[in-house]
Each structure stands twice: as structure tokens, then as C-alpha cells.
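I have a structure I would like to understand better, so I am pasting it below and will then ask my questions one at a time.
The chains carry the letters A, B, C and D, assigned in the order they are written, with residues numbered from 1 in each.
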């Protein structure tokens, strides 16, 4: 029986507990990814992050990713925990643990889960700097509201 | 300053403690590999493992691997712990933790460290079955002692 | 028909609210809805930005026909992890 | 000269011991040493198996010249992890 855990929570994450979910005697390899809040983002000092999720859909998209990954890599056991709300510097926002009889599949599958999560799962990260904030991936120029865009386009 | 931990020990490994070594505010991504004793090896039920190391050389080869990986992937923080002696089923024999500002390098570097460790580091694993034992990688046919080899070659 | 629309993250801040009730003709599509939302909240996104919409917790394309009671969410570019 | 040789894992079991003192001519190479060890312990490995040797904790090729006091270890195929 494949094991799957998908958790979206306001609580601090416990990587050991997430990893423990996928450890079974048949699994020789466990690969765990921890995503943590970095002190610098594109050269600017970050003071904290805030994550927001469309939780129902995020769980659904994560379950889809798990299903795809199982089919592609022949692995079974996956545990994913994403923290939302305020996350301070150095704290963990994401834990993905994948276990497999052999290591290659565990590495590739874990990497792919994180990549796909960042592409399709409706969770948003806001970086707070000492002098402002921004929603990551909402590039400022592209996403500037109409008035601001018009002002930028008017530049020589 | 890059951080490096290389540990070869008879004690049970604590993955959380190994991973904690590489977590720093500049590192957004930490990838941890756990190698555990599997219940089955090529279809045979394993009851336990025993690891043996040429410890001085193993530490030296692991330090070389760390140096190569740093140069190739531009990552800094690596922690490696290998358990030796008796390791029961489901217990952890290897922990490799790599941290990096970005995830891609952390995944590739951790995978490469494990691959290279298995190729060049003088550590040996013996599998114990209900009815015998074998040194892994010392393929029976190839490595049969001279008398046995002669008998095998004599087969039609 | 009146549809309840949820805003997340950047869109929530730009709209100044988490939900809004938006009136569209019966048989309206996702494209019709985003046009109506843009008229109500012109600061939401510049015209060249495609506003992604989820209907009943699945990404929906512009031609998807909406029905009363659908759970409709506006999804800015995601950045989980 | 007399050289102290260490056996690990499969070789330790095949030799029935962890270390042995092996006599070789002065100026002997790694290849000379492995030949001498094979004569002492014929069950160590079949002739077609290349016995890998580490000298002073580094892999050494067959032509490496040995000196008294070198730390010499016979390294069966590794299987850590």
C-alpha cells in the first residue's frame, strides 16, 4: 500500500516527523527536501515571509503531483508538509520526503515534486523587507497595476 | 566559511542532528539522504547488515568528494555520517545532508555525493540472510576463491 | 447570475477584499467573468496579464462556462515552497 | 624488506586474519606485493581479479614502488552507503 501524507499547516514543521512517515523496511533510500526562509532574496535582506494558500485546491494539486510521480518513478511513499502564515528567517516552510527501495528514484522524484509544487500549487509567498514587501513571482513590472504600467511604458 | 562534517561511527545515526549541521540563514534548500537497511536484497530476506571501514582512508576519500562537489556545484555546506558495525533492518547506515541557497544544486550535489561514496570510499557491507551471508559488490562468481572458480568454469 | 469570487494574495490586496459578488449573464464564461472583475477592480492587473481562474478547485480555461454556485478563485502567479 | 599488510572485509575473511607481514625485495612494487600476498593466501581472490591496494590511505597503481613503513591495505570492491 503506497503511503501519502499531504499537510498544509500554520504550525512549525517537524522534518523528522515528516520523514518518519515514509520510512519502511522495504525502503533503502529516503530523500528529504527542506525549504527554509533565506536571509537574502536577490540581494535584499528579508525580515520574514508570509505564505497564503488556497488550501482545498493546494491539497488537490499536491495529490495530483503525488499520483504523477508514482506513475513516473515507480515510487510509493511520499510525505509533503507546507507551512503557511508567518515564517521567520531560517524556519522551514516546506518538507518533502520520498522513500524508495533505491536512491536514484528517490532523488529524482523528490526534486520533481518540489519543482512541480512551485509551478502549479496555489500557494503564495510574500517577502517582507526592512522597507517594503513583495509577492514573489508577481514580477513588479509585469504585474504593476494599470496606472503604474502606463507610467513605466512612458519612460524613454 | 564552508561547513563540513564527516563522521564514521559505531553509534546509531541521528538524521536531524546531521541535517542541523548545514542549516544556515543563507541556505534556502537542504537535501538529506538517508540510507537504511532494506528487508530484501535481490529477493532474499536480510536479517541484518554489518559494515566495516578503513576509517582513515574513508575519511580522506569523503573529504576529497566534498572538495570536488564544492567546486562542481558551488555549494558550501555538507555533512556526512556513515554508521559501521552491526546495523539492523530499517536502521540508518548513511546520512548525507547538503545545503545551498537554491534547491537544484542541493539535489544534484547530494545525489552525486552518495553515488561517489559508493564507488570510491573504502567501506564494506555484509548482508546476513537466514541461511548465510555475503559481502555486497563481491559478486560470487567473479570473486569465488580459485578452487570454486575452477569448478564453475568446468561446468558445461 | 451572481457569482461569488475569491481573491488570493496579490489579487486580494489589489481588490482590497477576499471575496466579491460579481454579476454576469447566464452562460457566461471564465473570460466574461475576468472582464467583469477587471471592470469592478481596474487595479487588479494590467491588461496584458492573463488572470488565471480556478473553478471548483481546478484550473479553468477562458472558455469554461460558469454555473451558479461554482467556487471561483482568482489565482495570481504561484510561489509556494 | 618486510611490509605490514592489512586486509579488509572479504580479504580479511579469506586470509583468516587482519594483518600479515610479507617479505618482498627492496624496490618492490604494488604488483610484486600482490603476487607475494597471493602466494601466501591463494584463496584470497581468483587470478583474474585485480587486487586493489591502498598505500598510505590512497589508491595506488600496480607500478607504485613500496618503501619500508608504508601503510598498505588490500581493498576489496567497496559497498558503503
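FYI, contacts are C-beta pairs under 8 Å (C-beta built on N, C-alpha and C of every residue); 3 or more make two chains touch, one makes a residue touch a chain.
Just so it is clear, the structure is predicted and the values come from calculations on it, not from any experiment.
Separation of chain B from chain C in touch steps, taking the shortest path, is 2. Annotation of chain B and chain D: not jointly contacted by any chain, touch as defined at the top. A separation of 73 Å divides the Cα centre of chain C from that of chain D. Each chain gets one centre point, the mean of its Cα atoms, and the points for chain A and chain C are 24 Å apart. Spacing of chain A relative to chain D, judged by their CA centroids, is 51 angstrom. If each chain is reduced to the centroid of its CA atoms, chain A and chain B end up 28 Å from each other. The set of chain D residues that touch two or more partner chains is empty.
The set of chain B residues touching two or more other chains comprises 35, 114.
Shown are all chain pairs that touch, namely A-B, A-C, B-D. Interface residues of chain A, counted against chain B in their complex, comprise 15-16, 19, 23-40, 89-90, 101, 103-104, 106-107, 110-111, 114. Per the touch definition, chain A reaches chain C in the complex via residues 35, 51-54, 56-58, 60, 82, 93-94, 114, 117-126, 135-138, 142-147, 149. Interface of chain D with chain B (complex): residues 6, 8-10, 12-14, 42-49, 54, 57-59, 73, 75-81.
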